[in-house]
Each structure stands twice: as structure tokens, then as C-alpha cells.
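This report concerns only the one structure given below.
Should a chain be cited, it is by its letter among A, B and C, assigned in written order, with residues numbered from 1 in that chain.
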Amino acid sequence: MDVLTVLNLGDFAHAFSKMGMFPVFDVAYYIVSIVYLKYEPGSVEVSRRSPVASWLSAMLYCFGSYILADIMLGSSPIDYFQYNSHILLASAVWYLIFYCPLNLFYKCVTFLPVKLVLVALKEVVRTRKIAAGVHHAHHAYHHGFFIMVIVGYVKGSGVALMSNFEQLLRGMWRPETTEILNMSFPTKASLYGAILFTLQEAHWLPVSKSMLILAFTLFMATSKVVMTARHSHGSPFTLIESWVCHLLFGSPLGATEDDHHPPAAAAPSSPLKTKEDLGEGARKRKVKKAE
Amino acid sequence: MDVLTVLNLGDFAHAFSKMGMFPVFDVAYYIVSIVYLKYEPGSVEVSRRSPVASWLSAMLYCFGSYILADIMLGSSPIDYFQYNSHILLASAVWYLIFYCPLNLFYKCVTFLPVKLVLVALKEVVRTRKIAAGVHHAHHAYHHGFFIMVIVGYVKGSGVALMSNFEQLLRGMWRPETTEILNMSFPTKASLYGAILFTLQEAHWLPVSKSMLILAFTLFMATSKVVMTARHSHGSPFTLIESWVCHLLFGSPLGATEDDHHPPAAAAPSSPLKTKEDLGEGARKRKVKKAE
Amino acid sequence: MDVLTVLNLGDFAHAFSKMGMFPVFDVAYYIVSIVYLKYEPGSVEVSRRSPVASWLSAMLYCFGSYILADIMLGSSPIDYFQYNSHILLASAVWYLIFYCPLNLFYKCVTFLPVKLVLVALKEVVRTRKIAAGVHHAHHAYHHGFFIMVIVGYVKGSGVALMSNFEQLLRGMWRPETTEILNMSFPTKASLYGAILFTLQEAHWLPVSKSMLILAFTLFMATSKVVMTARHSHGSPFTLIESWVCHLLFGSPLGATEDDHHPPAAAAPSSPLKTKEDLGEGARKRKVKKAE
């Protein structure tokens, strides 16, 4: 009976890991990403003044992970733009979110129950991207474990890692807030995920890849849905991280990376800090004001 | 009779599109580009303090389009530097413009009638670059229409698209003035040109490539010569753009992208705004003052 | 007798140019590089707040030359990260320098006699990298002399050329201090070295490559050891450079690139100016204060 359960779970995990992402999951990914872009200060003005810059920003939000991974592996950074249907779909989402009459589309997708579903679907895509990135790097460098982690990491984090340069496109420059320095939850989780998938690829983790995909997807989707629903920006890693950092790197205990800013840097960066972790209320107010 | 005329025009367009660019047209391109570099605030001081930085800036001005296109297609960004004769020629032009005794060379090439000819020749090269960029991208990605437009665009715009980073080489940083956000006429025209050449390459435009090259060259050369002669920085696209942007993107009518800056950003950026669109008088005064 | 001496010197030079760099010389390179990183303002705080950012900075300091050369030649920028043992070694050095109890390791390696040996060993690696970079570029572009110089140059200069972006990783942005604009001694020497090795590769220099490696290594090691021992940041090129720049580029005589800043830029940049050329005393005080 127990064996059967495991077998069934294995089958389910396998089927889940083979499930196509296009178009349903991808559309959810585009919607959530571009909604986050609309939360960014200044993005609505830019969409009015310079549609080209706004479109480029939206493409970076949707395809930043492919661009970064292609750069890391020495391919053409715009290689993914050969998939015209994906680009057109993302462009349609961008158009609907920024220019739909009465802001109808935006209001629908940010209605909390809808948004929670979309957020969960986005995490499914993120996990798949990490796994695919690690696998792709493994194919190119059989024993390049660091390369696997890096490629998986950029595949999971996407635009967050180049947010400084994405902001530049919108005429902003905030050198004090680099994502590497103040990692948000999805960026951190992508790093840990990339390490896990690399260990699995190197056969140091006694678990099948499809099972790991299933488990990591469940963890990410649950975490993000709970965080979105509770407007929270804590991280489930805080406790263990603060102990590990204390032991290994002598960081002061109890101070997570997020609230341990030097006072000078904290003042200007705090209202803008981590894109995806801002409370919903504050964001909506900002977007409304901007329109 | 009418058929004959068309035939002759076709022959002429074909011959024109096969005409070699090296060295006459290329030299004109280098001269106009490096003269625009000399107009930039601070470039003359840099040429005295650090010839290496000045030379690098000049190379970016002359070969920025090749560098960007190579990056976009995943090749070596300095691939074009294998053509020693082109680099030496551009270096000679750079030396003459910045260090010629009595500033003689600079005075000659910025003498208005000479300059108008050079500007016209530069636009011939630009159009060829756009066509070559689209063709090259078509070769690499047969159905990658977005890639074709992007590569043609960067081939036409060149250094303008990386002006922020080129300025950094000269110790400046002006994040509020990215070219994408406030496109100058040549950048916009390159975008439209890249779209046209992509449509032609995809056989959606019922016109031969050589004819399109001829027509686009004539349009660009005329526009730029008229704009240079009249010290104007208007754009022939303003009217149609403002209507299209109003209909599609809800931009306020009558406000072109250029004079619709938010007040905060406009103040510091206005005197430096678009490199190639500044009135000649203002520029010359600046350059004279700097010497 | 004289012939014999030459023969022996040639043999010695050949043996020297074939000597393996891993692990002794490489470890010296990593140690000196990461010590320089620790001298940088803010790096100790970053190592406490965000070990990931600190580790990435350290990797850029150790492998920046490989990353830049790979970018220049169109390969994967993280190609070198496939050598796990090198990365692990550099990571261990990073850990020991930043987190060793009582700061013991750092104190040992910055003890002047030890440091002088390490600095000399680092210059051995630098010369080898320049030679390898030029050779590699020669292999890819047989007549691309400019490419050879550029690749050799970035191989020798390493992280210095991307210091602006490395600082960004630590939340800093100082656009007025680009390395190209104010070249430090190692960067300049790398440029001259790259030119020499390119001339040798093109058979325009009547000397064998191993002999050139030996001579350039001796020059670099001697210069850097003397400069480190005397806490000096002069450059042996100053006199000849100021004359050449005066003749060729009309730079005012007697003003080296370093003290010819425009007053506005000099004020903020002077205390931070050139990383590797700061007096030891000032640096140590800074690092102590930060801990």
C-alpha cells in the first residue's frame, strides 16, 4: 500500500514535471511580472511618455531570466526573442495591463483571489526555469557545478538581478539597492533551489528530479501565496539564515540581512526596497496615484 | 516608356545598393561621428587628460553599431576590430579632429557646406547598416522578426543606445537621459527603418530591397541635411507619432515625447538632451569654450 | 663564454615561461587580490551583511581578467568557473581573509615581508595572463592586432577595468573614477605589456616570447615590490609619458594624468582614487576602523 502511494506520487511528479507551460502558465508569469512592473515608481509615466521604453522594460520583466542565462552561457542575449508567439503574448499582456480602457484588465488580475492563483502559477514556471537552467548548464559544462548554480540562479531570479539596469531604462538610478546586496525572498529561494537542483544533477541528492521539481514548486507556491495573501515580506529562511550567518560569517545574531542595513543606506532605500515584498496596500495606493 | 523608367530606376537602385562604402563613405561616417563626440561636454578635456579614454570613446562613436549588433547576436563585441584599416582610418580621423594644430581639420569639416555633404554621406552608411543588420539577423534566425528589428535598430542607432556607458568612460553619469526614453530623430528613424527592412525581408512589403535602401537613404539624407542646415531638432514624425500615441497609448495629444518631460527631469537634462539634435550655434560655442 | 650565458639565459627563460602557475602562484594572486578588496571602503560591512555579494566581489577580483577576456572574445563570461578547484581555492582564501578568527590570516599575509613576496608572485601571474591573452586572441584573429592588444590588456588589468560595476555590487557608485580615465600603474603596465606581446606575436620584436615574459615579469615584480615597500604610488612611466603626451596630444608638460584632474572631480575622488596605489598606512587604518 505504502509502495503504491510512492509509486503514484512518483508518477504524478513525473507527469507534473513534463506538463507544458505554454500558454497558461506562461501567461500567468507574464501577468504577475508586468503587474510588478506597474507597481514600480515611475513606470506608468514612462508608459505614457515612451511606449518603447515601457515595452522593453516589460520584456525584461518577462524574459530577463532567459536573457541573463543566455549571457552567462555566451549565447545571443536576445535568442529567446525568436519565439514570436511568446513575445506577442507578453506584449499583449503588457498592452492590456498598461493601456486597457478603465484599467479593467489590471483591476481583474490584481483582485486578490485571482492574483493568488496567478502567483502560484508563476512559481510553477520559476521552478521549471531553475531546473531547466541547471540542466542546460550541466549539458554545456559536465562538472561545472558553480556554473550550474549560477545559471539556475539567474534563471530563477530573472529581472531582479538586473533591476539596476532595468531602472536605468526608466531614467532611474539607485545604486544603493542592488538585489545581490538585499536579496528578496524569490531571489534567495532561487539560489537555494539552484543549489538543490545542482546537487540533484550531480547525484549527490537521493531524489529524482521530477520529485524535486514537485516539492520545490509546492514550497515556492505555498510561500508566495501565503506572503501575498498576508501582505507580508518576511522570509521562511530568516531563522536558519541568521544562525548560519552568525556561525559562518560572524554576522550579529537576530539581525537578518533585511533589517541590518547601515543607517545611511536604509533611509533612502527603505520605501523602495524589495520589489516583490512590498505590502499590497502601499503598492496599490502608489499605482492609483500615478494614474 | 514608363516601364523603361522604372527599369532604369531599378538598375540604379541595384547599383546604388551594391556600391562599396569603404573608404569614402566610411570616412564621412567617422568624421561626423567624432565631430559629434567633440560637441559632447567634457570630451575635449578628456582628450587632453587621457588620450586612451578619448580614443576608446571615439571608437565607440564610430563602431558602436557593430559592437552592439555583435553583442546582440552573441559574437565577440570587438569582432569588427579585426579590420585594421578601418580602425586605423577612424583613429587618424580622431587624431586630426582632436589634436590637429590650430584645430584646422575640425574647422574644415564643420564648415557648413562641407558638413552637409558629410552628413548626407553618413546617412547612406546608416541605411546600409540597418539593411545589413536585418539581413544578418535573418540569416541567423529565419523567423525571428523581433530579433531582426532589434539588430537593425542597434545597427542604425549605434553609440546613441549606449550613450550612458560611453559617458561613464568620460567620468559622467546622467541616468535621467537614456536614449530609449528620449529618442532622437536618428534613433527613431533607425527603429522605423529596421521595421521596414524586416517587413521587406519577410516579403510583407511589395518592394525590392535595393529600392527600399534607395528610398530610405534619400529620406534620411534629406531629413538630416535639412535639419543640420536649419539648426532644427524637430522630427518629421512628430505629427503622426502624436496621433498614433494618443490613439494607442493614451498619451496626451499635442505633447510629443520630447516636450512631455516631467518637470523634475527636464530641468537638468534639457541642456544636454539629444546629442545630435542640438542647435549648431550652441554646440560650437561650447566646443570653443572648452578649447 | 658569452654565447653560453645567452644560451643558459634562454633555457632559463624557456623553463620559466613553462612553469605551472597552479597552485602556488595562483594562491598568491588570490591572496593579494582579495587583500586589495578588503582595503576597499565598505567591503568589510558587506562581508557581514551579505556574504553572497562579498563572495561575488572576491570572485571578480580573482577572475575578473578571465571574465573580461571571455566577454571580449564572445565566450561565456563564467567559462572559467568550470575549474572547480580554482574557485574553491579562491573561496577558501576569501573566507580566511574576511572571516578568520582574530583576523589572523589577514595579519599574516599583510605582514610586509610576506606581502612583498606575494606581490612579486602576483606579477608573475599577471605577465603570464597578458601573454596568454594575446596568444589566445592571435589564435582567434590572426591579423587582429587591435584585438590582441585589447584582450591582453583586459587579461592584465582584470577587475580594475570593471571596478565601477564591481562597486555597484557593494552598493556604491562613483562615476567620476573610471579606471580608463585615471589609469593606475598596473593597468598602464598591462596596456604597454599587451602592446609588447602583440608586437612579439606579430614578429615585429626581435625577441623570443619566453625572453619577453622573463623580462616583463622582472620589470613588473621589481616595480610593484619597490612601490609596495615604499608605500609609493608614483609610476616609472611618468617622465616619458608626460613628454610623449605633450608632443602627441598637447597635454600640458609636467602634469601627469594623475595630478591633472579638474578641481571639481578631484575633491570627491582623491581619497578613493586608485585602489592599488594607496599608501599602506592609510589603508590599514581604514580596514582596522571598519572591523
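As a working rule, contacts are C-beta pairs under 8 Å (C-beta built on N, C-alpha and C of every residue); 3 or more make two chains touch, one makes a residue touch a chain.
Treat the numbers as computed from the prediction; the structure is a model and nothing was measured.
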C-alpha-based rotation, subunit B on subunit C, 0 to 180 degrees, nearest 5: 120
Subunit B against subunit A, contact positions shared by both copies (same if over half, else different): different
Between subunit B and subunit A, distance of the C-alpha-averaged centres to the nearest whole Å: 36
Where subunit A touches two or more other chains at once, by residue number: 74, 173
List of subunit A residues in touch with subunit B within their complex: 45-53, 56, 70, 74-79, 81-82, 84, 87, 98-99, 168-173
Residues of subunit B defined as touching subunit A within the complex: 71-74, 140-141, 143-147, 150, 164, 173, 175-178, 180-183, 191, 245, 248-252, 257, 260-262, 265
